[in-house]
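One structure, pasted below without further comment.
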Amino acid sequence: MLDVEQNRHAQKYSPNEMRRRVCWMLLQPLFRFSPRPCFAWRNFLLRLLGAQVGRDVHIYNSATIYYPWELVAGDECAIGEQAFIYNLGRVTIGARATVSHRAHLCAGTHDYTQLHFPLLRPPIVIGERAWICAEAFVGPGVTVGEGAIVGAGAVAMTDVEPWMIAVGNPARAIKRREESEGARMKAEG
Amino acid sequence: MLDVEQNRHAQKYSPNEMRRRVCWMLLQPLFRFSPRPCFAWRNFLLRLLGAQVGRDVHIYNSATIYYPWELVAGDECAIGEQAFIYNLGRVTIGARATVSHRAHLCAGTHDYTQLHFPLLRPPIVIGERAWICAEAFVGPGVTVGEGAIVGAGAVAMTDVEPWMIAVGNPARAIKRREESEGARMKAEG
Amino acid sequence: MLDVEQNRHAQKYSPNEMRRRVCWMLLQPLFRFSPRPCFAWRNFLLRLLGAQVGRDVHIYNSATIYYPWELVAGDECAIGEQAFIYNLGRVTIGARATVSHRAHLCAGTHDYTQLHFPLLRPPIVIGERAWICAEAFVGPGVTVGEGAIVGAGAVAMTDVEPWMIAVGNPARAIKRREESEGARMKAEG
């Protein structure tokens, strides 16, 4: 049978991680109910719990960071309102990348071919200057390349090449951003 | 004209159901703000309001059960964080099935061919050992067969055959789970 | 480079708008925690902040109206539970139109071809008697015609013709509503 009991009794989290989870549960209201412009305060809280947060990062108070210690957020990146970062595995967001409101980065899944349905935690990487648009979903193990765009509501279950625009469900690359944009950004940045 | 007034004055809920709705509105904070591991407590509350909840069911505190009295949850099934069970009609979740975080089972709609846009409440059935992945949507009247998987972000508006994997929007079956998995699970379970 | 700093220092909102945003932030709990049937109270609050709200409009307390002063809601229209009206640009909802639970009207985006990623606020128009179904997404600049239906979970990034039904991601018109429905509604309404 599908052995749910074995799954539930599996030791999914180390004692160290369990301690962090309890800490985060207790501290989370200080994040959630902080005034909107207090980005530095929220970055401070996340760093306290092990996140690597760069300079001038903007994370909104209604965003969910599931495990701060599995977040790497580069300089000047942004995570919008009600975004859901389900970072059971590590989620890396490159410098100047934007994760728009209600987007979902899902770095957790199950191996359904195994009877006990074990939890997997494949990492997600969002490249520098990429844009994950509103309501978009990025699946476990996916890498979104530098400067790529995952369109509004798109469901990206496979990698998106740098400087490509992917839309739809399942998401497919529909065009390349203008050479001029990429070239200019690279040259100047 | 589209007769919104007639719709709003329609007696959509029996007096008995109105009483239950008020009870649930008042009791809901005891569900919503219960500590994460208190699955038994939440199951108790749901049963109090008429739900049929099996053994060792795991329903998270951020999940929404719209009408507890229209929920049938089999042994060892799970309903994840922020999942939305809009069970105006009955929603049946089979034993050991998993409804992942932010999935949406929507057992309510309107008949748009009628001028007064009447509310319909077609039931949803999720088969045993099925998996409704994160952010997936299952529409009114849909049956998801035993052991079937509705992929992350998929929108299932028609039935999904047992042991099939359906993805995309609209969701389409893309492959059958390995015979070995199904056979093994049936044989052993 | 992608000039995030220039973007953040841009004066995106006029002083008048900043005042309104602060007012709305302070008043919002009176909206959010009002009892479910108090539609008139919520309409009053929205009008106070500059919304144009018609007669017998039903907006639920868990819906988010981002900027009340950019909302135009026609007579007898409805905005369901947890719907998200991100009206940086004006959102106009026609008389008797329905925006179902968890739908998202997104009247804001960025011009990604510009180095400083400027904020754009293209308006959204939902025609009279249209229906935006549960979990549907309507993108910036989109017009949904009179009597049109955007199906559950559909992602509409382009206009939807009157009396058409659009589904999928990206959403495509799959059929016309019965002539009889449209003709009857027009004749009688």
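The chains carry the letters A, B and C, assigned in the order they are written, with residues numbered from 1 in each.
Methods note: a contact is a pair of C-beta atoms (placed from the backbone, for glycine too) under 8 Å apart; a residue touches a chain by one contact, two chains touch by 3 or more.
These figures come from a predicted structure and were not determined experimentally.
Enquirer: May I ask you to sort the chain touch graph into line, ring, star, complete or other?
Expert: Complete.
Enquirer: On Cα atoms, by how many degrees is chain A rotated relative to chain C, nearest 5?
Expert: The superposition gives an angle of 120 degrees.
Enquirer: Any idea if chain A and chain B meet via the same residues, over half in common, or different ones?
Expert: Different residues, largely: of all residue numbers at this interface, under half are found in both copies.
Enquirer: Please compute the C-alpha centroid of chain A, do the same for chain B, then give the distance between them in whole Å.
Expert: Each chain reduced to its C-alpha mean, chain A and chain B end up 27 Å apart.
Enquirer: Send over the residues of chain C in touch with two or more other chains.
Expert: Residues 155, 168-169 of chain C each touch two or more of the other chains.
Enquirer: Quick one: in the complex, what on chain B touches chain A?
Expert: 36, 56, 58, 76, 78, 82, 96, 98, 101-102, 129, 131, 133-135, 149, 151-155, 167-169, 177-178, 181, 184-185, 188-189
Enquirer: Touching residues of chain B toward chain C in the complex: what are they?
Expert: Its residues touching chain C are 1-2, 4-5, 8, 25, 84, 86, 104, 106, 109-110, 112-113, 115, 117, 137, 139, 155, 157, 168-170.
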